[in-house]
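Take a look at these structures.
The two complexes that follow have chain A in common; it is paired with chain B in the first and with chain C in the second.
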Partner chain A sequence: MKEKPWKPWLLLSPSLTAVFLLLVIPVCFVVVYSFWLRAPSGQDIPAFQFGNYAKFFADFFYPVILLNTIRVALETVFICLIMGYIPAYFFYRTESRLKPFLMILVMLPFWISFIIRTLSWINILGDSGLINHLLLKSGLISSPIPMLYNEGAVIMGLIQYLLPFMILNIYVSLDGIDKSLAEAAKSLGCTEWQAFREVTLPLSMPGVSAGCLLVFVLTCGTYLPPMILGGPGNEMIANLIFKRVIGTLDWPFGSAISVILLLLLVIIVYTYNRYMGINQIFKSLSKG
Partner chain B sequence: MGEELKKRLDDVYQNYLEGNITRRDFVKFAGIAGAALGLAGGPFGLMGNAFASKSITCHSWGGTTSEALRKFAFDPFTKATGIEVIDAAFTGMDAFLTQVKASIPPGGEFNIAHLSAVYDYARYTDLDFGVVLDESKIPNLKNVMTKMTDTLRGITNGTLSAVPYDLGQTGIAYNTNEISKADAEKLGASLLYEKSLKGKLGSWGGDFRTNMWYAALHTGQSPNNITDIDAIWKVLTEQRSLMKKYWASGSELMSLLANGEIFATVAWSGRVAALQDQGHPIGYLAPDGTYSWMEYMYVLKGTDLDVAQQLLNFMLEPDAAIAVAQGQKYPPALDPTKVEMPDDVKKLPAFDPTGKLNGYLFADPAYWNKHQIEWAEKWDRIIAGA
Partner chain C sequence: MTQAKDPAFVRFKGIEKRFGDLVAVQPMDLNIPEGSFVTLLGPSGCGKTTLLRMLAGLENPTRGDIFIKGKRINDTPIHKRNLGMIFQNYALFPHKTIFDNVAFGLKYRDVSKTEMKEKVEKALETVRLPGVGNRMPSQLSGGQQQRIALARAIVIEPDVLLMDEPLSALDENLREDMRREIDNLQMELGVTTIFVTHDQREALSMSDKVVVMKDGFIQQQGEPEEVYNNSVNHFVADFLGHSNFLAAQVKTTRKDGIYEVALADGSTCLASPVGDFEQGEKAEIVIRAQKMTLGYQKDFVQEEGMNYFYGKIKDRSYMGGEVSYFVEIADGQLLHVINFVKRSPYRRKDEVYIRVDPFHCRLLKQ
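Up next, the complex of A and B:
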C-alpha cells in the first residue's frame, strides 16, 4: 500500500494550529515583551535591551525566590512520590471489584474548583478550624496550633492539587508490567520485598519519572496555594510574576521573569528527555 | 439565541438516535451549532453585546456591590429605558487595568468601570483610556460633593472622565473581644505595630500604598509627603515579623477577621460595616490621617457616550444612589447637605455629614504614581523577607 506522508500532518493540523496560535505565538509575545521598557504611567515602550534580565540577577532577591520555588517543588515531588506510589501499587495489585470506583475517587478532586479546594483548608487548619476546635474542646491543647500560613500549609495545598497526577502516572507504568515477572522472581527465591525492589520498582521508573516531572513543572508555575495558604515569605516565582504583571503593570519585567522560569523548565524537561524519554509522559496521559 | 440553538441541537440528536439522520449530518450540525453558540455566548458575544447600541457593560467589585448595583440601579434603568446593562465583576483594580490594557483596541472592549482611588483615575487617564463627559447630560452631578468632582477635574484639565459615586476609607479593624476600644484609640495607627499582637496581625499584601500610608502615620510623617523613607522601610520590616497573613482580597480579609485568625488589620470600611452587620465583634478605628478614597464610574474610550451619560445620571438619582450605598455599605458621593440621607447611611464608616470632606486625607496621585514601581518592588522585598 502506498504511503501518504502528508496524512499524519493533515490529521495533526488542528492540534498543531491550536498549539501554534495558543502557545507558540503567546510565548513569542512574552519573549518580545521581556526586552521592552515600562513607562512610569504603565505604558510599554518597544525596545531591545536586556535591562529586565539584568534586574533579575542584579541582587539575590529574585534568584533566591526562584531557588526557593525549586526547593518547594522538589519537596512537593518527594512527598507526592511517597504518597502516590502506595495507592498506585495498590491499584496495580488489587483484584477488587471496587478498583474502578477507587480510581474515580482519585480523580474526584478535579471535579471541584481548585480555589475552593485550597480555601477549604482554612476551615480545617485555621485557628478556629476543625482540628484546632476539636483539640481545644477535648482539652488536649490550651491555645490553637498554628497550622496555616506557613510553608507546610503551602506544600500541603500543592500535594492536594498534584497527588492525582503522580498516582495516575505511576499506576499507568505499573499496569504495563507483567505480574508474572514478580511471581517468577519469587519462584527463584526472592522474598516479596526483594521481588518488588528488584523487578517491579525498576520497571515502574518511567512512570515515576513522568509523575515527578509533571508535579515539578506544575508546582513551579502555580501561585494559588502560596497566595492563599502561605504566610509572609512563602512566595514563589509565579506569585512574583503575578505581582509584576497585574500589580504594577510591569509587563516587560514580568515577561522577563516568565522567560527565565520557562528556560529553567525547558532545561529540566530536556534533561529528562535525554535520560528518560519524554514519550513516557504521553504514554501515561494517553492511558490515563 | 443560545436556547433556540440548544433546542434544535436536541431535536437533531433525537433524530440521530432514531436513525432519521446520518452520523455525518449529525456531526456536521453539532459542529456548526457549537461554533455558533461559542461565538454568540463567549467573549465575542460579550464584546458584541457591549458594542450593541442598546446595551452597555459595567465592571464592578462583584459580591454585595454588584448585587446592589444590579438591583437598585441597572435593573430599574433597563426597565425605564430598555437599555440593557451587562454587569460584570473584576477581581481587583490592578487585574482590571491589565485586562483593559490587553484588550484590542486598548480599553475598547469595556464601557464603564467602578474604580477606586484617584491615583487610578490618573493611571487610566495617562494611558489614554478616558473620555470627556458632557456634564450637561448628567444633571444629577449637581448633587455630588464638589470636593470629589474637583479632585477628578484637577487631573483631567477641568473635564470629567468619570462621575464620583461613593467614598470609603481604609481604616483599622480590630477584634473587640481581644482589644478594647480605649486601647485601640490610644494606639491609633500604632495598633498595627503592637508587639503584643505578634502572630495576630494582618495587612493587605497587594498594596504598597496602604502599608506605607500607615507606616507614615506610625512614624509621625505625612503619607503624601514622606520625608524619611528609611524609617518607613524599617518599621514595615519590623512589622513583618508580627504578621500572620498578608491578605489578598476583601473576602479573605473578612474571613480572617470573622474566624479570629487575626485581631487587627488595615481594612476597607465597607467590609468592616458588613462584618459588624453580621454580628462579628469587629471594631473600626479611623485615626487621624486615615486613608480615604473615592470610588467613581469611569467611562472608557470607545463607549457610546449618550448611553453612558444616561446611565450615570440614572445612577446618581438620589433613590438609586442611596439604595446602592445601603447595599454595598459605602456612603454615596451625594452631598448630604443637598440630599437627605437615611439614618443607616449616616452611620456608615466614612460618612461626612458636612459634605465638604475636610479632614479626609486622599492619596496624592502624582506623588504615589511617581514612585509606584520603585516602592512596589521594595514592598515585595519586605514581605518576602529580603
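Up next, the complex of A and C:
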C-alpha cells in the first residue's frame, strides 16, 4: 500500500504524449494567431497586438454571449447531476442480472453520431415533429406548439449528449464505496435516507465533482446543439468561434475568442479544483 | 443484579432463508442465552452470514420469526434494533474522524454533546486507543481500525453484538491478540455476542457456545469441549481438529456401554457409541489425533480393555512442542497421531504401537 504518486503519471504517459502533440502544440498556434492582424483584404498579417482582444471587450455583445454560455453550462450541469445521480445510484444498488445490459444502454448513444442524435430532435419536437403531430391529430391543440429554437431545446440537446458522462463518473465513484458502510450506518441508527446522506453521498463526491466539471467544460465548448436546436438568441461562445473561423475566415479574431474561453475555463477548473479537489481522484488512484 | 439470565435472549424460530432456489439457511431453531458468546462456525457458504444478517435486519427471512428479549423483531427496521455490528473489513467511515465514527450511533440517540464526548472517550479507552479521536481511519493500522469498529459498536450499548469474521482481515499474530481482546471485552461488558467465523480455533477458544453449521443446517451446538470431544457426526468431527476415521461394523454390544466392532482388516476394536446401534450395522469410528499415544512395543504392557494398533511411521512433522505423525497400520490406512515429544521423537520407518482408550474411539452412524 505504499503510495506512489508517480504511478498514475507513468500510466498516463502515452496519453500525455498524444495530448502534447495533438493539443498543446495546436493551442500554441492558436495563441500566436490571436495576436495577428487581419487586413481588410482578408489577409492575416503576423503581428503582436491586442486588437482582437480589445474588439471582444469593446461592447457587451461578445461578453454577454460568454456569460450566457456559462449560465447554460451551469443549468446543464445541474440537470445532468440530478438526472445522472439517480441511475448511477440505481446501478450501484441493484443486484439485477440486467445491470450489464442496462449499463450498455447508457453507453449506446455513443455509438450513434452526435449530429444525427441532435438532428433527430427536430423530428420529435419540430412543428411537424412527432409530438406536435400526435397532439394535432388527437385534437388537443389546433396549431403546433413551438418547442424548438429556444434555450430549453438547446439544454435538452446538451443533456442527451452529456448525461452518460455524468452517470458513468458518478457510478465509478459509487462503485468504489463498500456497501457495508451504509449497512454499518443503518445498524447504528440511521434510516435509509440518513445513511445515504451521511455516508454514501459524501463518499461519492469525487465522482460528482468530476462529472460536473466534465459536463461544464464540454458544454462550454459545444456548438452543435445551439446551432441545430437553438434560436438566434441562443448562440454560445463556440458558435461564435465557429462562425468567425469557418464563416468569415477571420482566424485572428476566432483565435482570440478561443484563447479567452480557454483562459476562463482554466481559471474555473483551477478554482474548482482547489475547493472540490479532482486531486482526490488521483489520490484514490495511486492508493489502489 | 442477580436476575436470572434469559436462556433465549435471542431466539430464532423456524427461521429459513432462500435466495431463489438456493436455500441459504434451512429451517432452524436457535437460542442465544443472555450475556453469552456464541460462535457460528462452518465452512464457506454454509449460511452463517445470512443468519447473522437476518438478525441484523439486513436480510428478510423467507419464513420464521426472530425474537430479541421475547419481542418479535421481524418487522422492526434495522435502525431500531439496537444492535452493534462489526464487519470483516471494519466498515469505518473513511471521511469522518475517529471521534465522529465512534460518536456516529450516539447522534441518533438521545445523548447530549458532553455526554457524547464522555462516552466516546470511554469507549476509546475500553479498546485501549485513547487520544486517537482526531485522526482519520486511514491513519490507523488494520488492528486499530478493527478496535475502533468495536468501540463504535459498543458505545451505543447494543442488546446484541454481531461480528462477521472480524479477524479474518488481520494477520496471524494480530489476530491472536485481537481474539483475546474481544474475548476479555465481551466478558467485561457482558454483552450478548454472536460471532461468525470459519476458523475453528477462534470458535473453540472464545465461545461459551459453538454452533456448527453446514449447508444451511445446524450440525451440532454446545460448549466448545462438548462439540470437540463429543462430535455427533462425521462432518463435525472432521471440521474440528484432526480426526481419524475408520470403517467399522458392530459385532456385540457390551453391558458397560462399550461396543465391540470389527475393523476393515478383520481385527476387533472397542468403541463408545454415539447413539444406538444394531448388531451388524455398518458404522464409523472417529479418533482424535491427540487422543492416541505412540510407543515402541517394549513401552506398552498390553492392558485389557484398551485398543492397540500396530504400524510403521510413514511421515512426521515437528511442530515445536508436539510432533505430528502419520502411521501406516494394517491395510495401508494412515492414522494421524499428534503427541508431545517426551525424549526424542520417533523416526520415519520406526515400528510402533498406538494405544487408544475405547472412550476416545467414538462410534458414529454412517
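Keep this in mind: the second predicted complex is superposed on the first by the 261 of 288 C-alpha atoms of A that agree within 3 Å, B and C clash if a C-alpha of one lies under 4 Å from a C-alpha of the other, contacts with A are read in each partner's own complex, and residues count from 1 in each chain.
By our rule, a residue touches a chain if its C-beta (ideal position, glycine included) is under 8 Å from a C-beta of that chain, and two chains touch if they have at least 3 such contacts.
Quick caveat, the model's predicted, so the values are computed rather than measured.
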- Message: By the touch definition at the top of the document, which applies to A:38: first (chain B), second (chain C), both, or neither?
- Response: first
Exercise. When the two structures are overlaid on chain A, which partner does A:181 contact: first (chain B), second (chain C), both, or neither?
Worked result: second
Larger residue footprint on chain A, choosing between chain B and chain C, goes to B
On the A-aligned overlay, A:14 touches which partner chain: chain B = first, chain C = second, or both, or neither? neither
* Could you tell me if A:189 is touching chain B, chain C, both of them or neither one (first, second, both, neither)? => second
Practice prompt. In the overlay, answer first, second, both or neither for which of chain B and chain C A:127 touches.
Written response: first
The chain A residues in contact with chain C across the complex are 178, 180-181, 183-191, 194, 198-199, 202-203
Given the complex, residues on chain C that touch chain A span 56-58, 77-81, 83-85, 87, 89, 91, 93-95, 104-105, 107-109, 152, 156, 162
Residue positions on chain A within touch of chain B in the complex are 38, 40-43, 60-61, 64-65, 122, 126-129, 146, 148-149, 227-228, 231-233, 235, 240, 243, 245-250
The residues of chain B that touch chain A in their complex are 92, 94-95, 97-98, 101, 123, 126-127, 199, 206, 240, 243-246, 248, 252, 255, 259-261, 369-370, 372-373, 376-377, 380-381, 383-386
